[in-house]
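Two complexes, one shared chain (chain A), two partners (chain B, chain C).
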Partner chain A sequence: MQPMLFLEQTILGLMMGGIYASVGVGLTMIFGVMRLSNFAHGEFYMLGAFLIYTLVNALGGDPYVLAPISAVAVGLIGIALNKLIFLSLYKELRGAKGAAAFFFQDLRFIMLTIGLSILLVDLALVLWGPIPISIPSVFTAHIIKLPGGLSFSLARIIAFVVAMVSLIVLYTFLMTTKTGKAIRATSQNPSAAALVGINTYKIYDITMFISTALAALAGGILGPIYNIYPTMGLDVVAKAFVVVITGGMGNVVGSMLAGFLIGLAEGWGGLIFGTEYRQVVAFVIMILVLWFRPQGILGGRKS
Partner chain B sequence: MLGITKDVALRVARYYALAFILLSPLPLAGDYITHLAIMIMLYSITAASLDILVGYTGRLSLGHAAFYAVGAYTSTLLSMNAGVNPWIGILVGGILASLFGLVLGIPSLKLRGPYLAISTLGFGVIVQLMLINLDWLTRGPIGIPGIPPLPGGPLDLRSKSSFYYIALLLTLVIVYALHMISRSRIGKILMSIREDEDAALSVGVNVPLFKVLAFIISTFFAGLAGGLYAHYIRYISPAMSALSESINILSMTIIGGFGTLVGPLMGAALLTILQEILRPYLEYRYLIYGALIVIVMKFFPSGIYGLVQSLLRRMRG
Partner chain C sequence: MPASRGLLIGIVAVVVVIAVVAAFLLMTQPAAGGTVKIGLIAPLTGSLAEHGLDMKQAAILAVEEINSKGGILGKRIELVIEDTACKADLATAAVQKMITQDNVYAVVGEYCSTVTLAVQPTLMENKKLLLVPVSVATKITEQGYKYTFRSCANQWMQTTQHADFVYEHLKPRTAAMLGINDDYGREGLKIWGDRMKEKGVRIVAEEYFDAGTTDFTPQLSKIKAANPDVIFVVANIRDAANILKQAHEIGLYKQFTMLGGVTSEEFLQLAGNDALGLVHVSYFEPTSKRPAAQEFVQKFVQKWNRTPAMYAAGVWDAFMTLKYGVEKAGTWDVDKVAEAIRTVRFEGAQGTIYYDEKGQAQTKVLLVQVQKVDGKLKRVILYPESDKEGEYIPPERIWGS
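Right after this comes the complex of A and B.
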C-alpha cells in the first residue's frame, strides 16, 4: 500500500469523522436527555444544507457566512416540533410501565420520528426537487497543497475547523454554564432535576435546539463540498447511530471520539476492502461493539 | 397438539370458509384489482409475521425487509441455477431467512430498546449492500428478471386469477398458523416477555430461548412471503431489502394495530391501496404517508384496529 495514499485517506477520514462527531453528538444528547431515538435527525442535517442554498440564492454571499443563520433557523424548527409533537408524549411517558413503557419509549417515538423523517424528505423533494444541487463557495476552488503531493480544498479544511470549534464550544457550555449543568442533571435523573427547580421541559427545548442546530451546521458546511439532495440525511443518520452506539448512547465525549474512529475506519476500510464496502465497515464495527461492549467504548452514560 | 378443541377448530373452519367465499369472486373484477389484492396478501403475510416480533414479543425490527429479500433471492437462485422446484425453493428460502433470524436473534438477546432497532437497521443495510455487491451471484443492482413461475399442475400460475387463489389459500393458512402460535403457550410466553422480561425470568420462563424463537418464527414467514413475491412478480432487485421497504412493512404492522395479527392485515390493505391512490400525486405521496404515521402514532397509538374496536364499543353503547 502506498504510504501517501494511506496518509491521504487518514486525513480525509479524520475530516469526515469531525462531521460524524457533530451529527452524532446531537443525536446522543437527545437520547441522553429525553430518551428519544430520533430517526429524523438526518433530516435536520439535510434542512441545514438546503436552507443555506436558499439563503445564498436569495441574499447572495458565501455559504460559510450564512451557515450560522441556517443552523439557528433549523434549531428553532426543532423547538417547534418538540412543542408540537413530543411534549405531550414525554408527559405520558413519565408514568408508563411494562408494555406501555416499551410502547412509548421505543415503538411510538421511533415510528413518530420515522414518519417525521419521511415527511421532511418529501417536503424537501417538493420544495427543492430531486436533482442533486451544489452550493458554490469561493473556498471550494482554493486548493491547499501540502508537501508530498497531498492537496485538500480550503472548503474541506474550513468544514473540519468549524466542526471542531462547535464541538469544543458545546463541551465547554455543558461543563461550565448553569444551563449546561442543568442539561446534565436532567439527563442523569429527570425527576430529581425537576425537584431542585429545573424546568425539565425547557431543558428539552434547549437540548432539541442544540441538537438540530448542530446537525444543520454540519449539513451546511458540507454543502459546498458535496452535492445536496433530499435523501442526504438518511445516509448520515444511519452513520450517526453507529457513532452514537460506538460511543455509548447518551455519552457526548464518547460520540466525539467515536465519530473520528468511524471516519478513520471508513477511510482505511475503503483502502483495504474497496470503496464499495466502506459502509459495511461502519456497521460491522457497530455490531462488534454491541456484542462485546454494549455500553460503548467509554462505557457508562454521561452527558 | 396446541390445545385445539373440536369446538374451536369448527369455529375457525367456519371463519375460514367464510373468508374464502367472501374473497373468491375478486378476480372477476379484472387483472388490476386482482394484482392489488395479491400484493395486499403478500404484504399481509410479512406484516403479520413482523407482528410476532414487534407486537407479541416487544422487539422492534427495522430490518424485516432483509428477510423478505433473503427468501426471494434464495428461491430465485435455487430455481434458476439448480433447477429446484420453486415450491421447495420457497420453503428453503423461508428456512434460510429463519437461520439469518437466528443469527440476528442471538446478539439481540442482550439488547433492549433502541439498540435492537438500530442493530436490525444495520443488518438490513448489510444485506442490501451484499445483494448489490455480490454481483456474480445476484447480478448486483440490476436485479434478476425472468424468474420461473410457480408450477401449479393443471393451473397456470402465470395468470393473475389462478395465482390469486393460491395466494389466498396460502395467506389464510399462514395467518391462521400465526394466529394459533399467538394463542398457544408460546404466544402467551412471548407476551409475558413483552410485559415484563424480569418477571417472566423470575417465574422460570426460558426467556432467551423464546426471544430467539420469536425471531425464527417471524423471519421464517417473512422469507416465505419473499419467495412467493419473487415467483409472482418474476423480477427481484436489492431495492426490496431497502430500509424504506422495512419501514413500509413496519408501518403496516403499527398503523394497523400491533399485537393483534388482524391489525397488520388492515394496515397492509390500507397502505397498499393508499399508495395506489396516491400514485398520480407522486411527489406528495410520502408527504401524506409520513403525516399519516405521525398522526396515528400521536393520536391513535393502538392503530386502526384499536380505532375500529373503540368505535364498535361506542356503537353498542
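Right after this comes the complex of A and C.
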C-alpha cells in the first residue's frame, strides 16, 4: 500500500469525520438533554440542503454564504416542532412518572419522530421533486493541488473548516456560558435543574435549535460537494446513530471524537478490507465499542 | 379456553368463505366491458424516483396515444400504476393486488432487476404478460418464461458491445472497474472484465460501493494509485455524478466509461462539466434522426416539457409491443399474443424492434461521448456508423495531460 494513498485517505476521512461529528453531536444533545431518540434528525440535514438550494435560486449568491441563514431557519423549524408536537408529550411523561423519574425513550416519541421523518421526506418529494439536484459553488471547481499527487477541492476544505468551527463554538458555549451550563445541568438531572430555577422547557427549545441547526449546516455545506435529494437524510441518520452510540449516548465530546474516528476508520477500512466492506466498518466499530465499553468511548462522563 | 377457540375458528371460517367468494367473483369477472387494465410498476419514491418518473410519464403518454387511436382491438387501455421504491416486497404486494383486485392483463416493469426477478414467477403462474422495459439482468429472459418480453438491450448485450467498442477505439492496456454492490453492478463488472481479459487487457482494480454511498474517494484513491488506462463504472446517475466529481477532485482524469445507467439530461445537469469526455452506452438518444424516435420525443416534450431519457423509450416500446402483439394475434388470448409478439417487427423509439424466441428484443446499442457542442454539454453518438455524430476525444485533450 502506497503511503500517499494512506495520507490521502487520512485527510479525506478526517474531513468526512468532521461532518459525521456535527450531525452526531446534534443527535446526541437531543438524547442527552431531552432523552429523546430523534429519528427525524437526518431530515433536518436534508432540509438544510434544500433550503440553501431554494435560497440560491431566489436570492442568488454562493451556497456557502447562505448556509448560516438556512441553518438558523431550520433551527427555528426545530423549535416550532418542539413546541407544537413534543411539548405535550414531555409534560405528559413528566406528570405520569413524577418529576424525579422523567422517563424517556417512550415508544410514542420514537413513533412520532419516525412519522415526522417520513412526512418530511414526502414533503421534500412534493416541494422539490425526486430528481437529485446539485448546488454549484464557486469553490467546488477550485482544486488545491499538493505535492505528491494529492489534491482536494476548496469546497471540501471549507466544509471541514465550517464543521470544525461550529463544533468548537458549541463546545465553548456549553462550557462557559450560563445557558450552556443550564443545558448541561438539565442533561444531568432535569428535576434538580428545575428545582434550582432553570426553565427546562426553554432549555429543550434551545437544544432543539442547536441540534437541528447543526444538522442543517452539515447538509448545507455538503450540498455543493455531493448532490441533494429527498432521501439523503435517511442515508446519514444511521451513521449519526452509530456516532452517538460509539461516543456514549448524550456525550457531546464523545460524539465529536466518534465522528472523526468513524470517518477515519471508513477511509482506512476501504483501503484495507476492500471498499465494498466500507459501510460495514462503522457498524463493526460500534459493535466492538458496545462489546468492551457498553457505555460508549466517553460514556458515563456527562459533559 | 373452548369459548375463545370456538370464536377463533368461527372468524377463520368466515374469512375463508369471504376470500373464496371474492376470488370466485374476481375470476369469473369478464375482462371488463370496453377497457383492459395494464399495470405499471416502477420506483416512484426512494432514491431511484427520477427514473421511475420517466417510466410513469412514458406509460401515461403511451396509453393516451393508444386510446386516442381507438385502443387495441377496440378496447381502451386503463393504466394501474403502483410504486415499488425498488423494493421486492412492495413490488410483490403491488403485483398481487394488480392480479387479484385490478385483474390486469399485463404488467409493464420494473426498473430494478432484483424487483423484476422477484415478481416474475407470480406473473408467469397467473398467465400475465410481463413487459420488461428497463431491467437489464440477463437472467430475466434466459429463464425460459413464455410470457416475459424485454424491450431493451440486456446487460450482456450492452456490456459486451461496450467492451468491444472500448477495446477497439480506446486501445487500453490496463483497466479498473467500479460498480454498485448489487446484481446489476456485479454482473456488469463480471461480463466486462471477462471480455477485456479475453482480449489481453489487464484489470488492475475492481472496487464496489453500496447504494446510498455519498463518498467515493476511498475507491477512487485506490483506482488512482493503480493508474489504469480506462475506468469502467456501473452506477445510476446520482452515484455516477458523484464519482466523476470526486475523481476530478482528487486529480483522477483518466478515461471513464459507463453502462447505460447515466443516459439522461438530469445526469448532465448533475455532473456538469465533470461529465466531459465520459463514454457510455445508450439504447436511445433523443437526438436520433429516426422518424419513430423523433415522433416519440416530440410527443413527450409537448406533454411533459422535458426530454425523455432512455427509460421512457423502453416503456414506450413495451406498450407498443403489446399493441402490435395483440393486434397481430387478433385476440386477447395470452398464449396467442405471446406467440404473435415473437413475430412482430416494428419501428419503436429505440429503432427496429423484434424479439427472439426467449422474448429478448434484438436492439442495437449506441456508444456516446459527452462533449461540449456550442458551449453546451451534449451526448455525441460515436457508434454505430449509421448514427455517428462525432469523433472520440481522448481525456488528455479535454483535461490536459
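Operating definition for what follows: the second predicted complex is superposed on the first by the 290 of 303 C-alpha atoms of A that agree within 3 Å, B and C clash if a C-alpha of one lies under 4 Å from a C-alpha of the other, contacts with A are read in each partner's own complex, and residues count from 1 in each chain.
One rule holds in what follows: a contact is a pair of C-beta atoms (placed from the backbone, for glycine too) under 8 Å apart; a residue touches a chain by one contact, two chains touch by 3 or more.
A quick note: this is a predicted structure, and the numbers were derived from the prediction, not measured.
Q: Taking chain A as the common reference, can chain B and chain C both be placed on it without clashing, or not? Answer clash or fit.
A: By the criteria stated at the top, chain C and chain B clash after superposition.
Q: Determine, under the contact definition given at the top, whether A:133 touches first (chain B), second (chain C), both, or neither.
A: second
Q: Touch check for A:44: first (chain B), second (chain C), both, or neither?
A: neither
Q: State whether A:276 touches chain B only (first), chain C only (second), both chains, or neither.
A: both
Q: Touch check for A:245: first (chain B), second (chain C), both, or neither?
A: Touch status of A:245: first partner only.
Q: Name the contact category of A:290: first (chain B only), second (chain C only), both, or neither.
A: Only chain B; A:290 stays clear of chain C.
Q: After the superposition on A, what does A:125 contact: first (chain B), second (chain C), both or neither?
A: Once the two structures are laid over each other on A, A:125 reaches both partners.
Q: Does chain B (first) or chain C (second) touch A:116, or do both, or does neither?
A: After superposition on chain A, A:116 lies in contact with chain B alone.
Q: What part of chain A is shared between its chain B contacts and its chain C contacts?
A: Touching chain B in the first complex and chain C in the second, residues 122, 125, 234, 276, 279 of chain A appear in both lists.
Q: Sort out for me which residues of chain A touch chain C in the complex.
A: 2, 4-5, 8-9, 12, 16, 122, 125, 129-134, 136, 140-141, 143, 145, 149-153, 156, 222, 225-227, 229-232, 234-236, 266-267, 269-271, 274-276, 278-279
Q: Help me check something: in the complex, which residues belonging to chain B touch chain A?
A: Interface residues on the chain B side: 54, 58, 60, 62, 107, 110-111, 113-115, 117-119, 121-123, 125-126, 129, 132-133, 194-196, 243, 247, 250-251, 254, 258, 283-287, 289-294, 297-298, 301.
Q: Give the list of chain C residues in touch with chain A in this complex.
A: Per the stated touch rule, the residues are 44-47, 49-50, 52-53, 181, 207-210, 212-215, 217-219, 221-222, 224-225, 237-238, 241-242, 245, 248-251, 266, 269-273.
Q: For a test of understanding, state which residues of chain A touch chain B in their complex under the given definition.
A: 31, 37, 85, 88-89, 98-99, 102-103, 105-108, 110-112, 114-123, 125-126, 234, 238, 241-242, 245, 249, 276-277, 279-280, 283-284, 286-287, 290-291, 294
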